[in-house]
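Here you go, one structure.
Think of it as A, B and C in the order they're written, each chain with its own count starting at 1.
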Amino acid sequence: MDKTNPGNFFEDFRLGYELRHATPRTVTQGDIALYGGLYGGRFALASSAEFAAACGVSPQPVDDLLVFHLVFGKSVPDVSVNAVANLGYAEGRFGMPVHSGDTLTATSKVIGLKENANRQTGIVYVRTLGFNQQGETVLEFVRWVMVRKRDPNSEAPEPTVPETAPFVAPDKLILPMGLNFSHYDPVLAGSPHFWDDYRPGEKIDHIDGMTIEEAEHMLATRLYQNTAKVHFNQHAEAGGRFGRRLVYGGHIISLARSLSFNGLGNAVKIAAINGGRHVAPCFAGDTIYAWSRVEEAWEIADRPDIGALRIKTFAAKDYPCGDFPGDEEAHPHLVLEFDYTVLMPRRF
Amino acid sequence: MDKTNPGNFFEDFRLGYELRHATPRTVTQGDIALYGGLYGGRFALASSAEFAAACGVSPQPVDDLLVFHLVFGKSVPDVSVNAVANLGYAEGRFGMPVHSGDTLTATSKVIGLKENANRQTGIVYVRTLGFNQQGETVLEFVRWVMVRKRDPNSEAPEPTVPETAPFVAPDKLILPMGLNFSHYDPVLAGSPHFWDDYRPGEKIDHIDGMTIEEAEHMLATRLYQNTAKVHFNQHAEAGGRFGRRLVYGGHIISLARSLSFNGLGNAVKIAAINGGRHVAPCFAGDTIYAWSRVEEAWEIADRPDIGALRIKTFAAKDYPCGDFPGDEEAHPHLVLEFDYTVLMPRRF
Amino acid sequence: MDKTNPGNFFEDFRLGYELRHATPRTVTQGDIALYGGLYGGRFALASSAEFAAACGVSPQPVDDLLVFHLVFGKSVPDVSVNAVANLGYAEGRFGMPVHSGDTLTATSKVIGLKENANRQTGIVYVRTLGFNQQGETVLEFVRWVMVRKRDPNSEAPEPTVPETAPFVAPDKLILPMGLNFSHYDPVLAGSPHFWDDYRPGEKIDHIDGMTIEEAEHMLATRLYQNTAKVHFNQHAEAGGRFGRRLVYGGHIISLARSLSFNGLGNAVKIAAINGGRHVAPCFAGDTIYAWSRVEEAWEIADRPDIGALRIKTFAAKDYPCGDFPGDEEAHPHLVLEFDYTVLMPRRF
């Protein structure tokens, strides 16, 4: 019996399948530090246990995107190890905060399947759930990926494309228990701009750029136990489509998020991932810049201290974002559109 | 008085010498996370505190090879800082599990000495022991290294070559206190293959490859406080034998171990290191592939839940292992042969 | 209202201004491990909790230079994000030891201002203080940086250059509570040389060299949440003064400190930073070597177990330090002069 696992091909998925992913992963202070070294994040809630406690959340919650990457990583060996491309995200919502010492597991349910016209590949839609050791949901999201078929001639299932919401409705956002911005200190947090100061349509250039190194994106992707082959093997990729190792798309999301501190410094908590698209691949040597547009500003019922902003952050490579690339039309340097909802303190 | 330490040369060793190594090292969650980022390991016992607890071991033990590298690293300044080559290992056995917070120390005893015919170098055999802060042995192993002589004309000691066992006998393996695989969950662990499914002579290609970067192998080697000069100094190595920094051999062992998850996913615990040989040097830019052969399958007395497999894992560079390079004869791409014994759950 | 923060220019500083820096940062075991992987330090007090406890300090204090970098990093967005050069340090003194779990904050007071003759830039002198979550001072230091003016024609303040002490007087050094070297174990610590063995004027070549990689200095600088642009953005720096990303000067200090173990292995605690000068910029690919000169040897009142050494460590790039470059005059390979005071065990 062959012991190595080739992963699932398009034919292996059936609508309604529930995949229970390996392997559980305990998150620690070590992961938080390495994540910090990889992106240099400064959002105060994830940077300081004391600041988090002053905002009513103690122990300190782990950075939301680190949780996203870990749960995503769990799903790779079952869902996307034979994927050609990670196409999109929807209905991403953070639940119970994750703390150092928690152990994460994940499952995915197949909610859509659609063969492509060329019959070489098909699109697989899954709803992935991440859990802590108490079985509480820490994150859920839908993603769809283009997966190779084992055999182009094999029969395809009836096409099913799930409908997904354009964004997570503000009344569906989950606020961490105890979160309270009544005594929020904007000087310590590093930004004078509160929720009240942002307007839909407003654009913010995050100015700085960060160059990617091979060692960094591989360290990150392995930290997430993401096993997608294209990120790690130069010997194989030298003969592949790009001749180079591809950077995990989530690495770009985290870089853009970190750059967005300059302009969105009080967006200390991501509550939802409404959508996302990896517009173009990234490689070591690329310098990532980012800008954001405020899509919507929502009050939170009965919470005079907290507001929500729906943000779209765009990342471009080797192109400063002062002219907001990708806003009006496709832009040759654009690599990412990421649509998410953040919680911010309100003026009081 | 000269304050810098040139390290020991072949003449400085005497049979029976006991070397007490500096410097004690406290192992933490941080080391575990960085080790994870460097290799991307997914073996469930080291990945999840909850999984470990469900297997009866709590607190969670630190990855066995991280312990190996740390103890090995302690021995470098005294044993091999002037070594030309690390020649082999034998009689490696893990004892008390190491936990986050433990402090490791190490000693080595000189058990063999043999000058080489060219009189420039000699082989030093040591038995190295690693201890925790209670003085309990966490690891022991024999290794032998080729060490430069200070002066080719200096007198050589009587040659003494210790006899070492070809492998650690199964009745000598130390099971971690409490380890119990009766409720082992193979889906969570990520592999359906139990001890019962493996047969001596079986070969497993681990398929994937991982490319080495300078920043990665140096981060790893410094994490282990391994001070061997050849890994860090491009200015000096540019004029050396290879013109490049050499990758610490243990880095290759950990890469191969991590790749071996695909096919040996339930080999969650290394109990012994029977032998090992760094067949050829590795450098940044090399892509490491691996395959394994099952050498022996042993029952463990009175343990219907646990079996042991003696495994030989081969690593090759820039060469996928589908044809099992190095099995029949020397192979130009082979870089490592590593012979070790793992504990695996049995079907119940 | 523009949400992005361009940072302060020379005109924005006023004598006496107090800057309260963002963002608080909790230090953990993870930071300590990553710091270890970046520099490979072996000083026993920072390497081993057990060794620290045997020296009377428990819980184990965090490496002094990691504390320095974190506090320094806090000050960058307010003080030096528009700096051309980091010119010097003085009157650096470590206070309360920092432990894993502590949260650091920082403030800076403007203590000097002097426009340069070209009117393009000016020198800003600040006294920076780092605090733990109890408000206790963990570190203070003076530094001065050359900062761009927003407008060369803008009026300059009256020039004020603060007087700083040439070194921190030995009776001003703060010993960690409980520190006691009466039972110091030099074999475990890795060096036989006590305070008593060093003489002012003595020079020590630290022999080894360490080559810098882009991924490493960026991981380090982000770990410190240091946001200076020149370290991260190859796309912008390609058109800049050097065509390359500049390595954070503090990275060189930590490399030199780590190399200095060979010869100063018992200099387990830095008590003061008397001065420092980044003589030349460093880049990825440079190999750092170091040597040290003992400047002064001081007894500590009523402490027969502890002595202080004022040390000047010099770092050179791509140049082994056997002939002590920079001792007599400027040397083309010299990159750093760092003047600091260490605590060492005395013979008893």
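Worth a mention:
Keep in mind that, in the parts below, a residue touches a chain if its C-beta (ideal position, glycine included) is under 8 Å from a C-beta of that chain, and two chains touch if they have at least 3 such contacts.
Owing to the predicted nature of the structure, the values given are computational and were not obtained by experimental measurement.
Because subunit B and subunit C carry the same sequence, their contact can be compared by residue number, and under half of the numbers here are used by both. With rounding to the nearest 5, the Cα superposition of subunit A on subunit B corresponds to a rotation angle of 120 degrees. With each centre defined as the average position of its C-alpha atoms, the distance from subunit B to subunit C rounds to 36 Å.
Counting only residues that touch two or more partner chains, subunit A has 28-31, 33-34, 213-216, 219.
The part of subunit C that touches subunit A in the complex is made up of residues 1, 3-6, 20, 22-26, 28-31, 33-34, 77, 100-101, 103, 105, 133, 213-216, 218-223, 225, 227, 229, 232-236, 245. Residue ranges on subunit B touching subunit A, taken from their complex, read 28-34, 36-40, 42-44, 47-51, 60, 187-191, 193, 197-198, 202, 204-211, 213-216, 219, 262-265, 285, 287, 289, 318, 320.
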